[in-house]
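Both of the next two complexes hold subunit A, though its partner changes from subunit B to subunit C.
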Partner chain A sequence: MSAGSLGANTLGVLAGCVLFGALAGAVGTFVLARRRALVADVAGHAALPGIALAFLAGEALGLGGRTPWLLLAGGACTALLAAWCVAILSRWRRVGADGALAVSLAGFFGLGAVLFSVVQSHPAGSQGGLRTLLLGSAAAMGHSEVLTLAALACATLVLLVAFSKELALVAFDEEFARTAGLPVRRLDLLLTLLLVAAVVAGMQLAGIVLVVAMLIAPAAAARNIGVWTQGRLGGVTCIAALIGALSAAIGVFASRSTAGVPTGAAMTLAAAATFLATIPLARTADRSARA
Partner chain B sequence: MTALIGPNGAGKSTLIKSLLGLVPFVTAERIAFFGADFASTRQRVAYIPQRSQIDWNFPASSLDIVAMGRYAQLGLFRRVGRETRDAARAALAAVGLADAERTQIGALSGGQQQRVLVARALVQDAELLLLDEPFANVDAFTETRLAEVLQRLRADGTTILAVHHDLRSVRSHFDSAILLSNTIVAQGAVAEAMTDAKLAQAYGFHAEPRA
Partner chain C sequence: MSGSLAIDLPAIAAALLATIACGSLGNWLVLRKEAMTGDAIAHAVLPGLVAGFLVSGARSAVAMFIGAALAGAAAVLLTTFVRRSTRLEAGAALGIVFTAFFALGVLLLETQGARQVDLDPECVLFGSLETLFYAAPQDGPWIAGVPRELWALAAAATLALGLNIAFGKELAAHAFDPIHARLAGRAPLLVERALLAVVTAAIVASFTAVGSVLVLALLACPALIAAPHARSVRGQLALSLVIGGALAIGGYFLAAHAERLLGSRSALNAAGMIAALMALAVPCSHALRALVSRRA
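Moving on, here comes the complex of A and B:
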């Protein structure tokens, strides 16, 4: 199918992907500034057990296993739980932050894999494979999924803008923020909520393994461009959102024009390539600053 | 203007951080700022952390960072307006960085970064300034410049307490000193607090050769 003959469904998928790309880029900028990039990775992987549980709960309650908002809520719950585990385990010095991240990621993902074997033995669960969730399947996105995603994206962006001043201060200088009397813990919780919202919004599109790339790669690329253009946080956030949206669009078109290419993989690849392409910009700017 | 000096591990930074509630502390005595606890007086106290603890690649201009000193006073959902920007400009001018307000913080020199942090404390209109190693890793020119800024603040009535590591420059920058080595070894005017005997006691070297 050529790009010129996009059907209504494709337009919906495109709108959903672009919206998610912009959301992930904007949230990712703050996540990266606060050095929480790997928490996004943990949150993505940790959504798996929540999705499995939500599927089983939906079947048991008669809502149907594939109720979009229920799956998102389930994924969000275990993703948050995992982020909380990381925070608790990191405080324990013998483990350290990197150990806490690795244990949480693998632990929750393992739990998800076990629960998924239960889901797949369920009569209604056999078609929805684990593979689809791991790498995403944007094309399978229906009308209600797009609307759920749009609602989530709007709420997240409103919160991000409303608290951008405080989130920026905590990211730049946590100790100063604390002495100034900002509620640092609650702001970190807010950032984690926004991060999880972006992750679950994107997990159907990019897949739970790749979704972290859509948060971090556009943000990192925008930061490189920011160094080059002497950009400030607001500008860098907008550039990240733009790169995220464009990468998502490229992903949709790539998978439409080449059969068998997963949309999620194509969009993360586009975002990662953009990041690579911007490295020379930042290096040039650094060199001229030193000269 | 008081220097907090002592050997590595004496607890200089920890003392300042525990005063501000940044690290947990165990003490029988009450910590009071202006006769009240820190929560109700934090507007009057400005803290300037060590420059090395901050991510200077953060995308922001000097003016953005200085304006952060007013965020807590602005409160939630209020944007940085003209009044805040004007105050931030005045603070940058006071530390001699008036022409660098649009410069990205990553492109500033170490000394300029330190002065941006001082300017951020200035917009708070604080009466007490707590600085952690303000003279660490800055060149001699900046050190003099920074000392001038702090001395001017002191002349305007601001109380300054700074963690300091360079014993040679205590005399030129500060008028009193607290010598710390887990406990307070000496305090008072620089000349009184920094006697050879007291320094030896704090730093653990002895004048007499061992038998």
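Moving on, here comes the complex of A and C:
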């Protein structure tokens, strides 16, 4: 399909993608500030076993394996579980933060691979409908997928805006937030929930392996620019959302105009290129700060 | 060789050799708190593998290996550059660079027609231990039927063991106290680069046979399973290899004979099963240690 023949459905998909990009950029800014970037990576990979379980459950209950909200819910459950495992394990002295990430990632993604092979041996699972969730495909999205994504994205953005002040305080000065009486643990849980929501919203588009890029890269690029503009968090968040939305739109157009280009890879590369292009800005800002 | 052995034996050998190669090196990554570096390199080598494949026009092991090693090195250099110039936290810099490399690899795979051949993203992620089998050659010695992934894995395992034996002291000095190691003149930069190079080699060799799931499990889990029980680095290395090997064999049988053992419809993904078992063993091992020390 050429980029010129954008039908009604394409416009819907595009709207969904732009919404997801904005959401990922905004949530990513807080994730990055709280130094949880790789938790997003673990959560993305960990959605796989949940998706496979949701497929099998949907088939068993007669709902059909590819019910969008069921797949999203399943992915969200295991992604949350993995984030919880990371939090628990990293408190164990001998495991450490990086060990906790690696172990959770390996465990959940390994389980996902096993369950994926169960799905593929399932009579209804062999057509490969779930494969698009690995690497993302906007073209495979139907009307109901776009609506589910839009609802999820709107709810997440509202929550983010409502609690942005508290989340920012916890991210930048945990000690102060604690002495000021903020419920740090509950706010961390909220941030994890928002992160997981962004991950499952994006897995249809970017794929579970690459969805982390859409959370980190736009936020990091915005921070490069933000250092230059005195780093107001509200401004950085808006710029990150803008970069995320643009990258997602580029991904959709690239995959529509060139056969075989997966949406997830295209939007990841667009976001990463934006980040690389903004590095000189951070460097000049650094230099002028030192001078 | 009987039918079942011809299928089971090469797969188990591959899993064990990958355990030796990645598992032994993983001890150093874990000690240096760089367990996620292995994950990053495992993703970042993909464009190199594909480019090597496209340039050589066939599944040439040498070209793919060179491409992957170059991609791994480029990713490490780019991550260092990003960290220095933006003061991002290490994990975020790693996350941006390796996903970008992986995305480039996927793009090359899907658009350049490499897709038709058995190099597809799913196989790279989940591995295909099950497809390694011994085919007795029509003529020539029996050894010609050994799948070529096994030779690459054997070379990587030898290299990893060689690094452990030759530079064990330097690696330990550097892992526990990098500043002291530098002052004592134990060539930290060289040791660090040698470690990264051998890790990349082990990942690339393991990649096509066992997939990135198992590679990243092997780089982190055996070392973390052994850590609470070992009293010395050498003890931890030995223990991690023994437990890792046992879990690899157990996981393979559980997956490959799942119809009989677990009652599933067909055989399951062996690499994923081993990875999941190893990850599960980490908290078990630490809980066991806590239990034992409470009794004592």
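The rule we apply is simple: the second predicted complex is superposed on the first by the 285 of 291 C-alpha atoms of A that agree within 3 Å, B and C clash if a C-alpha of one lies under 4 Å from a C-alpha of the other, contacts with A are read in each partner's own complex, and residues count from 1 in each chain.
Keep in mind that, in the parts below, contacts are C-beta pairs under 8 Å (C-beta built on N, C-alpha and C of every residue); 3 or more make two chains touch, one makes a residue touch a chain.
Keep in mind that what you see is a predicted model, and the values were worked out from it rather than measured.
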Subunit C versus subunit B, contacts on subunit A by residue: C
First (subunit B), second (subunit C), both or neither touched by A:Ala102: second
Contacts of A:Ala272 with subunit B and subunit C, given as first, second, both or neither: second
First (subunit B), second (subunit C), both or neither touched by A:Thr179: first
Subunit B versus subunit C as contact partner of A:Ala162, first or second or both or neither: first
Touching partner for A:Leu89 - first (subunit B), second (subunit C), both, neither: second
Which of subunit B and subunit C A:Ala113 touches, first, second, both or neither: second
Common interface positions of subunit A, toward subunit B and toward subunit C: 35, 223
Complex interface listing, subunit B residues touching subunit A: 17, 20-22, 39, 42, 45-49, 53-55, 57-61, 64-65, 68-69, 71-72, 74, 76-80, 102-104, 106-107, 120, 124
Touching residues on subunit A, where the partner in the complex is subunit C: 32, 35, 37-38, 40-41, 89, 92, 94-99, 101-114, 116-118, 121-122, 131, 134-135, 209-210, 212-213, 216-217, 220, 223-224, 258, 260-262, 264-266, 268-269, 272, 275, 279, 282-283, 286
Parts of subunit C lying in touch with subunit A, wherever the complex brings them together: 30, 33-36, 38-39, 43, 82, 85-89, 91-92, 94-97, 99-100, 102-104, 106-107, 110-111, 115, 121-122, 125-127, 211, 213-214, 216-217, 219-221, 224, 227-228, 255, 264-269, 271-280, 282-283, 286
For the subunit A and subunit B complex, residues of the former touching the latter: 33, 35, 162-163, 165-166, 168-169, 171-173, 175-176, 178-182, 223, 226-227, 230-233, 235-236, 289
